[in-house]
Structures are given as structure tokens and as C-alpha cells.
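The two complexes that follow have chain A in common; it is paired with chain B in the first and with chain C in the second.
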Partner chain A sequence: MITADKLRKEFKKTVKEPGLKGSIKSLFKPKTEKVTAVRDISFEVAEGEILGFIGPNGAGKSTVIKMLTGILTPTSGSCTINGKNPVKNRKSYVKEIGVVFGQRTQLWWDLPLRETYGVLKEIYEVPDDSYKKRMAFLNEVLELDDFISSPVRTLSLGQRMRADIAASLLHSPKVLFLDEPTIGLDVVVKDNIRRAIEHINSREKTTVILTTHDLADIEQLSKRIVMIDKGSKVFDGTIAALKAEYGQIRELSFETGTPNAVKTLDYTGHFKLGADDLSLEGEGKSVKVRFNSAAVPVSDMLSYTLGKISVSDISVKDADIEEIIRRLYEQGVDG
Partner chain B sequence: MKKLKRMYRIHRIFMAQEFKRMMEYKGDFIVGIISFFLVQLSNLLFLWIIFSRVPDLMGWSVNEVIFIYGLSLIPKGIDHFYFDNLWNVGFFIVRKGDFDKYLTRPVNTLFHVLSEKIQIDALGELIMGIALVCVSIPAISADWDVFRVLAMIFMIPFITLIFTGVKTITASVAFWTKRSGNVIYMFYMFSDFAKYPASIYSRVVQNVITYIIPFALTSYYPALFILKGKDPLFNLGMPVLAAVVLMGLGVFVWHRGIRAYESAGS
Partner chain C sequence: MKRKLKIYLPFINAGIQEVATYRVNWIFYMLGNALACFVAYFIWAAVYRSGGGGTMSGFSMPQMVVYIVLMFLTGTIIASDGAYVVGEEIRDGAIAMRLIKPVSYNATFLFQELGNKLPTEIAIAVPMIAAVEIIRTVLGGAVQFNITCLLLYILSCVLAYLINFYFNICFGFIAFIIKYLWGANMMKNAVIGFLSGTVIPLSFLPGALEKVFLLLPFASLNYTPVMIYMGKYGGAELLYFLGLQAFWALFFFGLSKLLWRSSVKRLTVQGG
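Entry: the complex of A and B
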């Protein structure tokens, strides 16, 4: 369905010295440097698949999505979606895709939500009867009825996001691009949106590409993820593979009354761990230790710690996605 | 034909949205109407002061000058009414990355941008222009015939495109520079020269506003034919040619610009 072949995007950036003087200088003698936002990324997505696209801020996720949706022209490389080139066949191509940028909206801000769908119906040339059916379906999945008559400016973020997703699905696209669709939403709304995406994917075989910072989005929705950092692909595979390899990292943090707790705790010696499997940092009374729970069970870690020092507060956390990516990148995994 | 029908349909829908949007904020709308009439009143007063002191301008009678002034306002007003959104492209839309929206819709981007917004304020120029033309015509002793009146009406869409073309070209600069509002402004301001007969300016200015930023073609040259029957080939042909060339260039630069569009981080 989707083939990205060595996609690359370079931007020219003007380098300015700080201050007004620097600004004036750059007005007359602009210095530019080339910034490579995306470096030769290739991947494929099958029809009906939900692909999770993750990476830290500034990794180039949005740039890739914008190239796939025809917003940006790649510097080199190419992408083909359903046999079409997004830039060359733009008008016929965009009829087959839906796009949601979580940070923006395509709704008519000042008018009741219903008006937006009326206009999009014309823009995408949706016939009257399929429009009615479609709206009924989207209503059911995304529960728009409560606020479809309210002006868009009065919608809450969660309502607006549902409305935006509905807007992107009105013309029954074959591919749906979601750029951070759950950003800033509460747990309940996040869950609703995930279920809606899942429902649409399973019912209509819609191919979905999803970027997010929330690992739960990925866990619930997609079997496969592509991870990028600094413009390069660092992981491409199933969630299970990722978890088996990198998802076993746990972070144990605690407050302690014992002086020099960090020195007292000799995890590496006791459990015979390498630097890859454990890192320890302490600052005053709080101590943080990251370790590979496949090498040492969490319970062993806890009992050893509690036996060595006095602890007043304790928490265990899954490694968050940024942490996994950081480790992947440091280890130089090649996709 | 089918394409034109679709464009007409989309345009009508965008217009309807715009009117609904204005009605959404009724208080603001009413205050806008009131201030609109105040502005028009002060413009009228200003014109009256100018023309009551200018009896005759390099061989043009005061009524002819009023005709040229009025004629320059009509296409400018039409452009301002329909195609004002280009200013937003130059100032905000590209810089903030909001142009993304247009690229993900199956509609020609330039058409979408142009037809999406209307500017009610422009009715001032339009009404004023029509009024000045209507007031001046009976007072001008020209050989009026059907052909001259038809020529005037026929020219208006083309002259409008001269304005739109210049704005499209200069707005497109934003795709490379991120912001080009002041570039639009600089070129657009040349249209002020069009309000008076071009013959009152120096040779250099005349050449600039005829051949380079050709706003003299928007009223002075057509008026030379309409009022004095002079050289229809040049006086009508040049504005039509300029309209086609400028708008064509505008469309070309616009689409080249899209390839350079960089969006904005999100």
C-alpha cells in the first residue's frame, strides 16, 4: 500500500548571530547551513495495517508524514501510496487519504461543526446518500451528536479531535495519517479515540499511519512500529520484538535516609550486571536506577535494595518511549 | 466544463460560509457596517477637496480625471473583494504552516486560497468607483457609443486580473522567504499611480507603470480609448495581454513555490 524509498528532506537554515546586530548582519550577508531532517528512510506498509511511527521530538516524524501526504516535496527518494506519487498526482491522491494533525485543525473555526462537514462533502464530492450513511456511521463511532451543532471554537480539545478525525474520514479514505491524535487528551478520551481508530481499521481495512509519544496508543493499536531518531530509522519491527529486546527496562526510584546510599548499593557487583543492563544515579536523598528486568527480576532488585538501605518512598516505572529510543540510538541499532 | 461547474459550486459554498461567519458575530458585523460608511464618507470628502482644487490636469478635464479615478477603483475593488486572502498567504499562512491544509485537499491550491475568503470592506472601493464613473460620464463630452461602453465592461475582468496577478506573484515569494506581506504591499501601492492620468508623471515613472508594474494599464490606457477613441489596439490590447501574462506568471510562480514550501514544525 505504502512504499517509502530512501526518503530524504533537507532544509536550508539561516544561521544568525545573537541579538539585533546579528539579525541586521544576516540581512545583508545571510549565512545558511543545510539541515537534514530526514535521512534516506525506507519502509513499507501493507494494506489494512496500522503502523506506529515513533521517535523523540525533532526526530523527523512530522517531516516524513508531510512527505507522505504530499505537503512537502522530498529532496531525494520517493514514496508511492496506492500506486500514486503524492506530489505529482496530488489532487487525485489526496482524495484517497485522510490527514489529521493533532496540533492543527481543518474545521471552520467560527461556524457550527455541521457546516464543516457540509463543505468537505462538496470538496471531496461525496454523493448525498453516501454522505448521510457516512455521517451516521461517524456519529456512532466518534459520538459527534452532542456537539455537532456547536461552533467549533467552543469545543473541548477532545471533542475537537474527534471532530477532526471524522472530517478526515468523511470521504472514506484508503489511508489515514494521524499525527499525534491523542496529544493533550485525558485518559478516557484517548481511549475513545483509540477504539474509534481500531473500529474503522477493522471494519474498512483502512491503512493507518500513526505518530505518537504515548506508548499506550501503539500498544493498543499497532502490531508494528517504525522508530526514527535524528532523521534515521533505528527500529522497524513488531511490538513484541521491541519489547523482547528493549522493553524490559524498568526504572526504580526511591527516597532514602541512608547517607551515601549510592555507594552502599553495589548492584553491578551483586547481580553481576554489565553497563548495558544497569545505570545508577543519585542526588541527595533520591536515587534512580534503570535496569534490565530480563536480567534481574524486579522483586530481586527490590529486596536487595530494601535490605541494604532504609527507604521512605519507592516507585517502579516502565521505561518510557524516549528512554527506549535513546538506548536504541546509543547502541547504534540499524534498521 | 465539468471542472468549471465544480469550481463555481465550491466557490459558492465558500462564499456562503463567509457570510455565515460574518453573521455569527452580529455586533461586530453591525459596527463594521457603520465604520464602513464613516470611512466612505471621509473618502468622499477627501476626493471632493482634491477635485474642487484641480480644474484641469495636463489636458484632462476634471470630469475625465474623476472618470479615470473611478475606473481604477472598480477592478481594484473586485480584486480586493474576492481575492484578499493572498495577503494572508504573504503574512501568515505560509509562515505558520497553515498552508498544509490546502495541500491535503483535492482542490487547486490557488483556487482554494482565492475563493475561500471575501473582504466586505472592498465594497467601499467598488461603490465609490461605480459612483464616480456614473457621475462623470454625463459630464464628459465624448463620442459615446455602444462599443465604448461594451469595451469598458469587457475590460474590467482583465484589469482585475492585473491586480490579482501582481498579488499572486508577490504572495508566492513567501514560499521561499516565509513572509512576503511587505513585498505584496510595495508592489500593490504602485496601483495608487493608476488613480490619475499617467501623462502627469515623468517619463521614467510612466515607463515603469506601463511596462514593469503595469498599473497604468488598469485605468489610464483604457480611458484613452473609452474617452478619446485613441489606438484601441494598444490601449485595450495591452491591458488584456498584461492580465494574461501576469496571471499566467502568478500561477507558474505559485506552483514552483509549493515545491519549496517547508511547512512549520508541529
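Entry: the complex of A and C
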């Protein structure tokens, strides 16, 4: 369905030296340097798969999506989606895909939402009867009814995102690209959107590529993730494989009344852990411990901690995606 | 063709609704233009008074008044802020949202702008033409309205608008290279104001210069339609100038396609 072969994107960036002198200098003789946003990334996605694309800010996720959607031309390498080249056959290609950029809208800012859909219907040549059915379906999944008559500029972020997703699905695309579709949304709306994506994927076998910073998006939606950092692919596989391979990181945080609590707690000695499996940071009363739950069960950690010091307000949670990436790097993994 | 119209007609509709949303902005825009028109009138009135009130380079004072009003009308009818809009979209990356739709980038702009302009055109053209005719009748002493001239004027305005639109689109693509267009736009407007005869009629210029300017695409923008309406062109001359307009329209249409193809590769999509 989707094949990316050694995708690479380089940008020229003007570098300005600091201060007024630098500004004047760059006015006459601008210095440019080459920035490689994406370095030879290759991957494949099967039909009906949901692929999660993760990585820290500036890792190159959006650039990859923009190349896959035909907005940017790769510096080298190629991608084929549904047998089409996004840049060469742009007009016929984009008819088969839906795109949502969480930070931009494809809706007409000044038009009521309903009319925006009317415009899209003509653009994508959706016949009247299937348009009606489609709208009814999208309405049910994304609950658009409350605001379908309001101009887009008056919508809240959550409403706008739902409207945007509906707009990208109006023409029943074969592939759906979602670039941070849950950015800035509250828990309820996030959940709504995830369920809608899941529903459409299972009902229509829509292939979905999604980028996000929210691990919950990935965990609920996709079986497979591709992780990139500094433009290179660092992991490609299932979430289970990721966890099995790099350890299940948990973060234990608590408030303690015991003075010198950090010194009293000797996790590495007690559990005989390597440096990779645990990190400890304490700031006054609050302490954070990140540990590999494959090496030490959570219950052992808790009982040891509670036995050593007096603790109030304790919590254990999954480490976020940045933490996993950080550990991936500390372990020197690549490819 | 019908299929195409069906795709792009909604953009006209979207354009009209945009104007309807920002009515006050529109009113101020029109007032600003009218003011500029009055300023031009008073300057020329002073010039003619000190010149003794005769005919200058083929223009009598009443004709000059008509010229000023027609220039104002034509300028409004053929106005295009394509360069600004394209430049902005490139600068803030909104262009990406047009690229993910199965439509021609230039055509969506053309139709959206037509939608923006249609209310303006209708609201201003009818009273302005009436005003011009009243001025001509009062100052000239007889009715001078000529329906052929009016129809040819409309045709010429359509061509002029297409030239202006595609020229502006081409100009906007410079933003792919320099990223922010505001300064370049100011310069372009100043140069065009002079070369298109908006500031002074081209016939006031020395003979050789006038000939060169008439060949340039900018004379085809404002000057040609106005001269046609005033009945200054006739016969072969008329056909020649309409043909020249058609040539420039096609030229910039082709150029915009070419530039689009080469510049879209340079797109970087700033921000997000």
C-alpha cells in the first residue's frame, strides 16, 4: 500500500550571526547551511494497517508526512502510495487520500461548516446520494450536528478537529494521514477522536498513518510504530516488541517526610540493578524513580520503598514516549 | 468544461461569503480608493488651471476628469491581490492545505478572488459608469454614451484582469525564494502605478517612451480599457490593443504554470 524508499529531505537554512553586526552581514552576504530533516527513511505499510509515527519535536515526523502527501518533494529517495507518486500525479493522488494537520485547518475559515462540506463534495466529485449517507455516518461518529451551521472561525479546537477529520473522510479515502490529530485536546475529545478513527479503520479498511506525542493514541490505535529521531528511523515494530526489547519503564514518584530519603534508598544495591535499569532524582521532598519493571516488579519496588521511608502521595505511571526514546539513545541503539 | 465549472464555482461562493463577513473592511477599502481619486482630480485641476485650460496631449480638462474617474473604476475592477495572498500562504505554510486538494492551485485563487470581487464590481460599476456619463454630458454639452465602447470596455477589462491576476501569481511565487513579499509588493505597486498610466496618461510621455510603455504588459492593465471606453482607439488600432492584451494574458498564464511547476519543488512549508 505505502512504500517509502530512502526518503531524504534537506533544507537550506540561513544562519545569522548574533547582534546588529550579524544582521547587517547577513543582509548582504547571507550564510546558509544545509539541514537534513529526514535521513534515508524506508518503511512499508500494509493495507488496513494503522501505523503510529512517533519521535520528539523536530524529529522529522511532519516532514515525512508532508512528503507522503505530496506537499514536499523529497531531495532523494521515493515513495509510492497505492501505486502512485505523490508529487508527479498530485491531482489524481490526493483524491485517494485524506489529510489532517492538527495545527492547521483545511476548512474555509469564514464559511459555515456545512458549506465547506458542500465545496469539498464538488471538489472530490462525490455523488449526491453517497454524500448524504456519508454525512449521516460522519455525523454519527464525530457528532458534528451541534456546530454544523456555525462558521469555522467560531469553532472550539475540539470541534474544529472533529470537523477537520470529517472533511478528510468525506470522499472515503483509501489512506488517511493524521499529523497530531489530538494535539491540545481534552481527554474526552481525544477519546472520541480515537474511537472514530478506530471505527473507520475497521469498517472501511482505511490505511492510517498517524503522528502523535501522546502514547495513549498509539496504544489504543496502532499495533505497529515507527520511531524516528533526528531524521533517522530508530525503531520499527509492534509496541509489545518495543516494550520487550527496551524494558518496561515505569516512573514511581512520591512525597516523603523522611530527611535524606534519596540517600536512604539504595535501589541499585538492594535489587542488584544495572545503571540502565534505574534512575533516581530527588528535589526536596518529592522524589522520582524511573525503573525497568521487567527487572524489578512494581510491587517489590513499592514494598521496599514503603518499608524504608515514610511516604505520602505515591504514584506509579508509564514513562512517556520521550523517556523511551531517551533510553533508546542511552543504550546506543540505531536502525 | 461543465465539470470544471462545478468544481470551481464553490470557490466563487466561498469568496462572496468572505466579503460578506468583513463588510466594514470593504467599505473602508472603497472609501480609500475614492479619496485617492479626489486627490488626483485636484492635482490635475491645478495643472490645467496653470496651463491656461486648453488641451494637453490630446486631453481636455473634462476628458481628464473622465479619465481619472475611469482609471479609478478600472483599477478597482481589475485589482488582484494574488501576489499578496500567494506570498502569505507560502510564508505561513497555508499553501499546504491547497496542495492536498485535487484542484489546480492557480484556479482556486482565481475563482476565490472572483467571488471576492463580484460584489464590489456590481456595487461600484453601475453608479460609476452613470457618474462618468453625467460628467461627460454636463461638461461636454451633449450625450456621449456609446454602447459599443462600453461592451468593448468590459471585454478589455476581463482581459486586463486576467493579465493582472496571472502576473500577480507569478510575482507571488517569488516568495518561494525570498519568503516574505511585503517590500517587493510595495515596489511592484509603485512601478505599475506609473507604467500603467494610473498616475499620468501615457500620452503625456515623450513619443519614444510612450511607444515602449504601450508595448509593456502594464499599459494593457488600466490604460487600454480606459482609452477604449473614451473612444480614443478605433479600427485596426483597437484590434491591435485587444490582441496585445490577449497576448499578455496568455503569456502570464503560461508563465505562472511554468513557475508553479519549478517552484513547488522548492517549497519548504514554514512552521508546523
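Just so it is clear, the second predicted complex is superposed on the first by the 331 of 335 C-alpha atoms of A that agree within 3 Å, B and C clash if a C-alpha of one lies under 4 Å from a C-alpha of the other, contacts with A are read in each partner's own complex, and residues count from 1 in each chain.
We adopt the following convention: a contact is a pair of C-beta atoms (placed from the backbone, for glycine too) under 8 Å apart; a residue touches a chain by one contact, two chains touch by 3 or more.
Computed from a prediction, not measured in an experiment: that's the story for all the values here.
Trainee: Will chain C clash with chain B on chain A after the two structures are superposed, or do they fit?
Mentor: clash
Trainee: Which partner does A:L210 contact after superposing on A: first (chain B), second (chain C), both, neither?
Mentor: neither
Trainee: Scan A:V296 for contacts with chain B and chain C and give back first, second, both or neither.
Mentor: Neither: A:V296 stays clear of chain B and chain C.
Trainee: Applying the touch criterion given at the start, work out whether A:A59 contacts chain B, chain C, both or neither, answering first, second, both or neither.
Mentor: neither
Trainee: Touching A:R90 in the superposition: chain B (first), chain C (second), both, neither?
Mentor: both
Trainee: Counting only touches as set out at the top, which of chain B and chain C does A:V287 meet: first, second, both, neither?
Mentor: A:V287 sits against neither chain B nor chain C.
Trainee: On the A-aligned overlay, A:I41 touches which partner chain: chain B = first, chain C = second, or both, or neither?
Mentor: It touches nothing on chain B or chain C.
Trainee: Is A:I148 touching anything from chain B or chain C once the two structures are fitted on A? First, second, both or neither.
Mentor: Neither: A:I148 stays clear of chain B and chain C.
Trainee: With the touch criterion stated at the top, can you tell me which chain A residues are shared between the chain B interface and the chain C interface?
Mentor: In chain A, residues 11, 62, 66, 69-73, 90-92, 94-95, 97, 99, 101, 103-104, 106, 108, 110-111, 115, 118-119, 122-125, 151 are touched by chain B and also by chain C.
Trainee: For the complex, which residues does chain C have touching chain A?
Mentor: 3, 6-7, 9-11, 13-14, 17-18, 21-22, 93-94, 96-97, 99-104, 264-265, 267-269, 272
Trainee: Sort out for me which residues of chain B touch chain A in the complex.
Mentor: Listed in rising order, the residues are 6, 9-10, 13-14, 17, 20-21, 24-25, 97-98, 100-101, 103-108, 258-263, 265-266.
Trainee: Name, in rising order, each residue of chain A that touches chain B in their complex.
Mentor: Contacts found on chain A: 11, 58, 62, 66, 69-73, 87, 90-92, 94-95, 97, 99, 101, 103-104, 106, 108, 110-111, 115, 118-119, 122-125, 151, 179-180.
Trainee: Would you pull the chain A residues touching chain C in the complex into a rising list?
Mentor: 11, 62, 66, 69-73, 90-92, 94-95, 97, 99, 101, 103-106, 108, 110-111, 115, 118-119, 122-125, 151
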